[in-house]
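Look at the two complexes coming up: chain A is in both, with chain B in one and chain C in the other.
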Partner chain A sequence: MRIVLYRLLAVLLPLALLEILCRDRVITPLTLPAPSRILLGLWTMMANGTFNAAILKTLTNVSLAFVLSVAAGIAAGAAIHRAPLLRALLEPLFSTYYAIPIYAFYPLFIVVFGLGDAPQVLIGFMLAVVSMIVSTLAGLDSVPAVLGKTARVLQLSPVETIRSVTLPYAAPYLFTGVKLAVAYAFIGVIGAEFIMSGTGLGYEIRFAYDNLDNGVMYPLILLILLVAVAVNMSLDHWERALRARRGRG
Partner chain B sequence: MIRRTIYANPSLFLVIVLLALWQIVFWLVGRNALLPPLETILYLARLLQTARFWGHIAETGTAFVIALVISVVAGLAIGLALGVNRLAAEVFEPFLLAGNSVPKIALYPIVLLIFGIGMPAKIAFGAIHGVVPVAIFTLTACSNVPPILFRAAAAMRLTRWDMIRSVLLPAALPDIFSGIRIGFSLTLIGTILGEMFGSQRGLGYLLMTAIGLQNIEVIMSVTLLLVLVAATVNTLLLAQDRRLRNPGG
Partner chain C sequence: MDTQPPIHVSLRGVTRVYDSRLGRTHALGPIDIDLRRGEFFAVVGPSGCGKSTLLDVIAALAPASSGVVTFEGRPIGDTVPDGVGVVFQENASFPWLNVADNITFGLRRQPLDRAEIGRRLQYALQLMGLQDFAQAFPSQLSGGMRQRVCIARTLVMQPRLILLDEPFGALDQQTRLLMGDELLRIWRATGATVLLITHALDEAAMLADRVAVMSARPGRILEVIETGWPRERDSQVVSVPEFGAITARLWTLLRAQSMQALRPESV
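Then we have the complex of A and B:
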């Protein structure tokens, strides 16, 4: 309880300080409007539905990239787990993958796929899928070999084996992968919208920035941060609930 | 026979496979989207003979090194400060994790409004990408140190600073190093992204102008250079990481 109070204070005190600094014009609205103004702006924006199309676009693309990367990541992880040679070959790629600036490939995707949604979804997918593959591999590694043998002795079907042996062991790792995949899908899609695109939240923020329209820019940035944090927190919550249930059962 | 050679040099074979894939994709999509591997390497070699290109490299390099120093110092400071204080860790850890899941690219207009276009903005953008993973890994490293070491330090009446220097840091070093390795990759990506949006110089700026002009040669060779540098340094850091984890092995 005390912790929650401290956390609230850790959010509210800096915000209050910012509010005062902004109202006293120590920080001019050209740099940062007062936090209350930003919140109010976000409220009006959502009430009027000014950016609903952009929000819908971005969220659709993020969800697409996320779902595709989780499905493909688990499938590829399971396949690579069964092929040690392929795994030995790919392991160095996985360990350096996130050092590669994926955005640099974006222009190539645009040339190949055109200026539609595909290049953005692909960037989000490419960022997210590798963390899902790596987490799946780690999850499958964590299943003790003896349990695989037990399943064979009991003549469990592959589906039963996955449901009652593989998944319970791999679940925590898969969860980590899913959480990373959400974050990377967001980063990839919004980043791609920033660089070159005519729709979506990233584009709208860039447009507002180019026009020095802080009244639009800051509420939109706040919206992105709020959505990303909210999704992450609900996944966290779900994971903890699952773990607690398993602990009791 | 081939199997054994692949197991012995996975990275080498990976490079060969990737080069072959690159060539095949080039044959599929054609010259207006991609440059074949050999031509890209030759073009990069030609770029590397011009003084202007080295000016861009120096600019990016300077920004990156400063950003990395800030990421590591600030990340270590935050991680250690929370690591030695349980209450602070509990209060602030969710903020760190949320900071990790947020698409930091959405913050670039704010960074530009605060720092203006140029070197400080790039450094700030690189540093906000790098500091969070270093802090998180440092904090985790601290909480993984066996409590008995702290009790021993207390029994020997070490001052807090001596305790950090001669107990905490050595015990947590392997995990901290992993954090720095990931911080390195993210800081590089952050710096490049910062240059793409808020700069008139550097490799990111070069990449962004080339994207605008559809200059495939420049896009491909700058990307190749970045991938080469990132992959090389990451491989070296990874080797050091493994050495720290199993000394003697």
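Then we have the complex of A and C:
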């Protein structure tokens, strides 16, 4: 439990320092308001429901991008795993994929899909799906051949084999992909909202920034931070439970 | 027994040739053998002689290139026939399931009621000495215990033919001997036909009614030796003089083959 205390201190001490610096005007409110003020601002904001629509929009689009990328990533990964030729063709592309600035295509997506939610979801999806494919491939590679033989001896159909043997075995790898997919979905959607959009948290932050409205900008940034940390922590917790079920693999 | 038991598995002119990146490999055969119903049959041979390929072909896990395999009078197709169970050398336990769920994995996919599944699970747990480990996960067990789980998972399906591919290959010598005794108990308790693939001569000589010796690749049956052990037997047979004679006979046959298999050009 001591480690939890240390972790807490590692977060709280710098925050306390920042609080002192801000209150002593070493850091001006125009640069950064005191952390306590940011927190208070977020509290007021949530209580008044000022940005509920934006929050809902962003979380909906992130969830969409996430769910789509996980589903498509696992399906595509499984399909590519079964097609060695296709895999030889695609694998070098996967490894260079994240070197491509996908946002460069954002204007094109807007031209094609319009100014709705689709371009943002698409950016999130495109960022997330490849990590899910790569993780799925790594997971399927890890399955020992003898488990496939065992499934055949137990007369499992190919679909049943994937569902009951292959995917459960590969689950820890898939989980890594899921965690990355969450992060990429957030980055993709919020980033897209920043650049060109009329709604969502990214848009609201940018709008506040353009108007030098620190009282809105920082609480919203804090909100995104808190949501990302909460999602990641719950995924970590879930992952630990999964590993514990395997008796610490 | 006065009458010869009926033939359970029969192989006629079975070969297996396959293509890989290294070119065409003639792995097996032609092989002609008959397994009698309820016998304990062992196959020994030098490494790489196609012993495991033979098992795969009998289990329909790999297709024969020519020849016919029949199980209970019917030629096998391209799916593992009902009534055949296989235990592999590698750890084939499912790491995400506890011991009980591992054992009942196949059963739960059969049209059986829960009481019957529970009854078979308890029987297998008890037979394999796993009662205290039903809730444990494979990663918490030793290699020998994991192999017991895999044997139990096979037994609950009540196979009439049990194929064992070097099931004790990864275990230490003492564990092997003890597992051998357990195997004999299981064989007697279930009345199943057992085919044991092994590279260990003493294991084959101690456990089997008949031992087939295979040649270096392409594996063919050189000779089938009757051990003449009574059905009630255990690892104590290693101390009787006949055991030494059988092992010596097996080694004489195998020695030349093993040396041939060790020569680099045969690889």
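Please note the rule applied: the second predicted complex is superposed on the first by the 243 of 249 C-alpha atoms of A that agree within 3 Å, B and C clash if a C-alpha of one lies under 4 Å from a C-alpha of the other, contacts with A are read in each partner's own complex, and residues count from 1 in each chain.
Heads up, the rule we're going with is that a contact is a pair of C-beta atoms (placed from the backbone, for glycine too) under 8 Å apart; a residue touches a chain by one contact, two chains touch by 3 or more.
Every value quoted in this text rests on a predicted model; they were computed, and no experiment measured them.
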- request: Tell me which of chain B and chain C touches more residues of chain A.
  value: B
Message: Let me test your reading of the model: by the given contact rule, A:I221 touches which partner, first (chain B), second (chain C), both or neither?
response: first
Query: Can A:F194 be said to touch chain B (first), chain C (second), both, or neither?
result: first
Message: On the A-aligned overlay, A:V146 touches which partner chain: chain B = first, chain C = second, or both, or neither?
response: second
- request: Classify the contacts of A:L89 with the two partner chains as first (chain B alone), second (chain C alone), both, or neither.
  value: first
Task: Using the touch definition from the top, say if A:Y6 reaches chain B (first), chain C (second), both or neither.
output: first
- request: Go through the superposed model and pick first if A:P168 touches only chain B, second if only chain C, both, or neither.
  value: second
Field: Which superposed partner A:T60 touches (first chain B, second chain C, both, neither)
entry: neither
- request: Could you say whether A:P101 touches chain B, chain C, both of them, or neither, answering first, second, both or neither?
  value: first
- prompt: Taking the contacts chain A makes with chain B in one complex and with chain C in the other, which residues are shared?
  reply: none
- line: The residues of chain C that touch chain A in their complex are 59, 61, 79-80, 82, 84-86, 88, 90-92, 94-97, 105-106, 109, 136-140, 154, 157
- line: chain A contacts chain C in the complex at 144, 146-147, 149-150, 152-156, 160, 164-165, 168-169, 171, 245-249
Query: Can you list the chain B residues touching chain A in their complex?
result: 3, 6-7, 10-11, 13-14, 17-18, 29, 32-34, 87, 90-92, 94-95, 97-98, 100-110, 112-114, 182, 184-186, 188-189, 192-193, 196-197, 207-208, 210-211, 214, 216, 219, 222-223, 226-227, 230-231, 233-235, 238
- prompt: Touching chain B in the complex: which residues of chain A?
  reply: 3, 6-7, 10, 30-32, 85, 88-93, 95-96, 98-101, 103-108, 111-112, 179, 182-183, 186-187, 190-191, 194-196, 202, 205-206, 208-209, 214, 217-218, 221, 224-225, 228-229, 231-233, 236
